[in-house]
Amino acid sequence: MNSLLMRYRSVLVLIVVLTVVTMLIRANTVWLDTSVVIAIYSLIALSVGISYGQAGILSVAQAAFASVGAYATAIVTARYDLPAAVGLVLALLLPPLIAYPLARLVTRLNALSLAIATLVFGQAFDIILREGGDFTGGYIGLSGIPPLPFASGLLQFHFVAWGAVLIVAVLLSNLIDSPFGRATNTLRSDTLRAVADGVNVPHVRSAILAFSASVAGLGGWLYAHHIAYIGPDSLGPSVSLSVLLMAVVGGAQTVLGPIIGAALLTLLFKFIPSQEVQGMFYGGALIAVLVLTPNGLMGLRTVIGRWMKSSATKRERATANVATGVSAARRAS
Amino acid sequence: MYELLEFSSRGVLLGVTYGLLAFPISLLFIATDTVDLAVGAYAVLAGAVAMFVGGSVNPAVGILTGILVGVLASAAIGSISLMLGRRQKGDPLVLVLASFGFAIFLESVVLTLFGKDPFIRQPFTYFWNIGGIRISPQAGVNVVVGLLLIAAVYVLLYRTSWGRDVRASANNERAALLAGIPVRALRFSAFMLAGLLAGIAGVLVLYTSGMDFASGMHLTLAGFGAAIVFGLHGPLRGFFGGLAIGVVETISAGYANGGLASLVPLLFIFLVLTLGRGGRQGPAGVRA
Amino acid sequence: MTGVLSIVSNNSSAASRGQSILTCRNITARYGRIGVCHGVDLAVSAGEVVAVLGPNGAGKSSFLGSIAGLVQGDGEVIVGDRAIGQMPAFLRAKHGLAFVPEIRGNICPALSVQENLGLGLRMIDDDRDAALQRILELFPILKERLDAPAGMLSGGEQQMLAVGMAVARRPRVLILDEPTQGLAPAVYDILRATFAKFREDGLAIVVAEQNVPFAASVADRFIMLSDGQVVLSGGHDQLQKYDTILAAFLGSEESVSGTTRPSNVQ
Amino acid sequence: MISGRKLLVAALLATVSFAASSAIAQNAKPLKIGLLLSLSGPAASFGIPERDAAELIVAGLNSQGGVDGRKVELAIYDDTTNPTEAARGATKLIREDGVVAIVGASTGSGTLAAAPIAAREKIPMLAPNATISVTARESQSYPYVFRTMSNDLVNTKQLYEAAIAGGAKKVAIFYQEDAYGKDSATYVKKLAEERGAPIVDMASAPLKSIEVAAQAVKLRGSSPDAVIMQVTAPALGGAFVRAAKQVGLDVPIWGSMGLGQKSFIESSGAAGNGVRLVVFGNWDDPSPRQAKLADVMKAGGKSPQGFAELISTNGLLAIVEAARKIKGDITGPALRDELEKLCKVTTYSDGELCYSKDDHDGWSTDALTTVEIRDGAFKRVQ
């Protein structure tokens, strides 16, 4: 029971915060709209958290996967009048179908080349979307995407979007706490060790990227039905970079980090005075976080915790060491 | 056939710019084992400063000030990398992210200080006619500067003790420390040198094709593509990688249509990255 | 001295005779929050070779790394009369400390042999050519491979290069971490002969080993670490006499290969 | 002949610097108008002057007594050239700021993303875009979207006609790789085929390109006697003009209205001399009406940059004009109904604005002028 609480503590925190926030904003359309956008960005940022935070794959193409999900549902619902549920299935399945083979190609690269390869992929995908002609709506994009039948109001959509975030948070908590998750974490820190442990490294890494692409696709699905329009600029390469920023600022290795990052950067944006200096805020925030708390804002927790605990444990350890040292010496003589 | 020749030679001239941008990228890779995504931003900053100071004082002062500002900017990211190095050991992506943040920062600085209009200077109003191909004398300047920089970088890296120490620091940091090399200070100096090279590249871009405040990432990617084609480990290879990408880009723009033409160079980089040996994962401790 | 090994306390210094070139007091080492070496003392005189023994994971490498400034840690490190314990690694190197880490970790595989030796020589101000010639006389085989990348050398050649680089700038203290690891026994002789020369030159040498026979053949004294603390120390005779006991302690009756398993320590 | 609208404009201009706020009735509810513009990101070069002009016009309007005693208030939202932000911005402006009409977004894709929301909330959007699909009849947003400039079909046709009027038979096209470039290039191609003089060759480049010599060589290969540039980015336009000069493509070059900016002239350098444009406004050699807007801008410490100032003020003045006709509460639907009745309204642009139930485009060829770059300035061509 206790271990279950531990495993899902992030999810529980999220539920509590969401309940309070929903109570506060339930009547305010603008805040509900902001909340939905945060939920969508959270999903894409979580997909960064999964690939980068868990498996060490810095993918700079996550918005492209979200785009696949958004376009898939836009095409089937707006053009062929199929239900949004069909769009959901496609949005969940198509991105990993693209991501897995891509991952098999790129995950054997070193971390740096991998990041650049995904960046190049994102750019190329952007061009393909624009050149997609009538199928993708080309440069203009697709409009007239119907709202979700069961969530036509903003409040309902708010629940649907955050429900999706909660499901992903649960899955991610499970992943982190599973043997598979531990395997990916091992290969994040030490590839050789993972190989020695019998982990099929290329497969595991690719599977993780595929899973993260599916999560991004879910975000894209929500995006399409919320905004009702999807174009090449909607979830383009610059969004890939923003969600990366969100995940890193919040803490890519945690469940809550990407969500916190998404909320923070989306809100920060509302309060920046002049638009020209916005980049200074964004860039400055990213550098400050990396320098001060390398594991993101969620890392602050451990920094503070460590600082509080450190003196106590130091003393304990010292005495313990003396004891073991003496007994070892006894045995030796 | 003649057309192909013209495309290729123009591609080479275009590639010189990319090659110049590849210098700082591969130099930093050699010195610090990571990639600085703000290199293009230094170039834009240097170009913008050169344009404005050059316009109000005189061009030579402008160029020098521009390059100096480029060096200062890269010194800033150098300091950041030192701060990061103390906390984050081993993860080269952290500096990549930080440099990306710095690139956004600088783009915003350039927009705020110098505005959104393109920066460009064109001192030459006549053309050279070489074998029927009209070429701006600026292209000649670029080629000469490029070749001089190749020679300078080569001598510096492979014929001086500074270069040997830089390579040693990147190859085996522990060994460098044990040999008494102040690795951190050396890396910092590599950042300054990269800023110098990026600044020179920026000034040349200003005088060749021009740029605007948002060109930084485009220039970084062009330079990175150039640097990676033949392997990140040698700035000289980066220069020729630049030429190769320039030729691919020009030929695809000349023969393909629309977005496809822009797709080809990207696919080229992607294929080189994934199929080539340059980016493969090496065994731990040994660089690939 | 009787034939009984003395159990020393953590704070007692083993070397009292002769002039101590390297003095280490209360050395600790840690990785992040995990301490692996606690309050170790060591003093080494000119021309003296001290072996640091202990099983895998006893903290030998961390102890040496802490002295060299490569591993996070505290404690006093004095070379000659200069306290260098608070300096970064590269400054410790400048003050006469030379360190050859495990698996010849002080060479740069991508650089040529010549460049590597250049690294070793970079801190001497006087005639570098003469210094280079001295190293090449010491290890003639390197002369033939000057332009080869160091990573292409055989293990033995790399070890010679590693030692050559370390002593090129004529340090006062030479510290080696498992110099025989992974090498053919033929190389041992070369190393032994080299140590003898260094000893004549008045170099203070610390060598961490699991290969007790080799250590016994070169060392004047030894200390033994377990769990990051000194549990035994003694002189050359004890080392000679009790090498079988030591070997048993280290978990290998005939530790020739130098890659003994610590399984039966516990 | 002088219409009430003209009087309005004249009065506006005369009093920019004189505050006469006492005229504003104390109790009247202000007229809230939203500006949904790209103040950052790639389209900031349009969004910033759009905002500046709108702010100055509103300041003048208020000092003059506002609209029938109501003060005009602007609520501004930066969509960062991002359609998602444009959609959010529409929601925020309508729900939080309570605007009754919106001028924006700066980009066609921004408008396409925001318009469905505005239509759902029954708030008119005055779109400063030439993008054709913005006012597509079949769109659900159509009833609430009005264009504040001539659309791409009008502009492109005029450009093509002007090019062949000069005697060109073999026309080549250089276009930028985006919605505008691609669609307008396709349209010119169709026009040319209808005329029986097909386009001889086409080349394109991404918006961010700074080097397009290869494209110029490609076009040179088909030996055209005129080149039409479907480009809005000054840097790209300048790069092509220079490249054409360099590779010896010495034929008349015609540029689209997006290039009617000072920075295009600067970016073209000496090679720009003789390049002709069909523009929506010209600040170097302005028509009398445009000169008035230039005066307003200068009084406010800004200098006009391109046609962005004209199209945002067009939208603003259309809203104001419609609002004046409403007797009761000014609401979105009421404004929409009045907007559809606006006709023969003059603003700072040339030509006349005329909306109707079936035409939300409003602007035609009479708003366009042909100019030529001479000695670093745009000169009107008769």
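Think of it as A, B, C and D in the order they're written, each chain with its own count starting at 1.
Definition applied: contacts are C-beta pairs under 8 Å (C-beta built on N, C-alpha and C of every residue); 3 or more make two chains touch, one makes a residue touch a chain.
Given the structure is predicted, the values throughout are model-derived calculations rather than measurements.
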For this session: Identify the chains adjacent to both chain B and chain D in the sense defined at the top.
Result: A
Exercise. Where the centre means the average of the CA atoms, what chain is farthest from chain D?
Worked result: C
Exercise. Using CA atom averages as chain centres, what separation in Å is found between chain A and chain C?
Worked result: 48
Seminar exercise, completed: Here the gap between chain C and chain D, centre to centre from mean Cα coordinates and rounded to Å, is 77
Exercise. Centre to centre, by mean C-alpha position, how many angstrom separate chain B and chain C?
Worked result: 44
Exercise. What is the distance, in whole Å, between the centres of chain A and chain D, each centre taken as the mean of its C-alpha atoms?
Worked result: 39
Problem set entry | Shared-contact residues (touching 2 or more other chains) in chain A | 127, 130, 276, 278-279
Seminar exercise, completed: The positions of chain B in contact with two or more other chains are 111, 258-259, 262
For this session: Flag every residue of chain A that touches chain D in the complex, lowest number first.
Result: 28-30, 33-34, 37, 127, 130, 138-141, 143-144, 223, 227-229, 231-235, 238-239, 275-276, 278-279
For this session: State the interface residues of chain D toward chain A in the complex, per the touch definition above.
Result: 39-40, 44, 78, 80-84, 87-88, 91-92, 95-96, 107-109, 112-113, 116-117, 131, 133, 139-140, 177-180, 182-183
Seminar exercise, completed: Counting only contacts in the complex, chain B reaches chain D at residues 3, 6-7, 10-11, 13-14, 17, 111, 116-118, 120, 122, 125, 127, 133-136, 205, 208-212, 214-215, 218, 249-251, 253-255, 257-259, 261-262
Problem set entry | In the complex with chain C, residue positions of chain B that touch it | 161, 164-165, 167-168, 171-172, 174-183, 286-287
Exercise. Residues of chain A touching chain B in their complex?
Worked result: 58, 105-106, 108-117, 119-121, 123-124, 127-128, 130-131, 190-192, 241, 244-245, 248, 276-280, 282-287, 290-291, 294
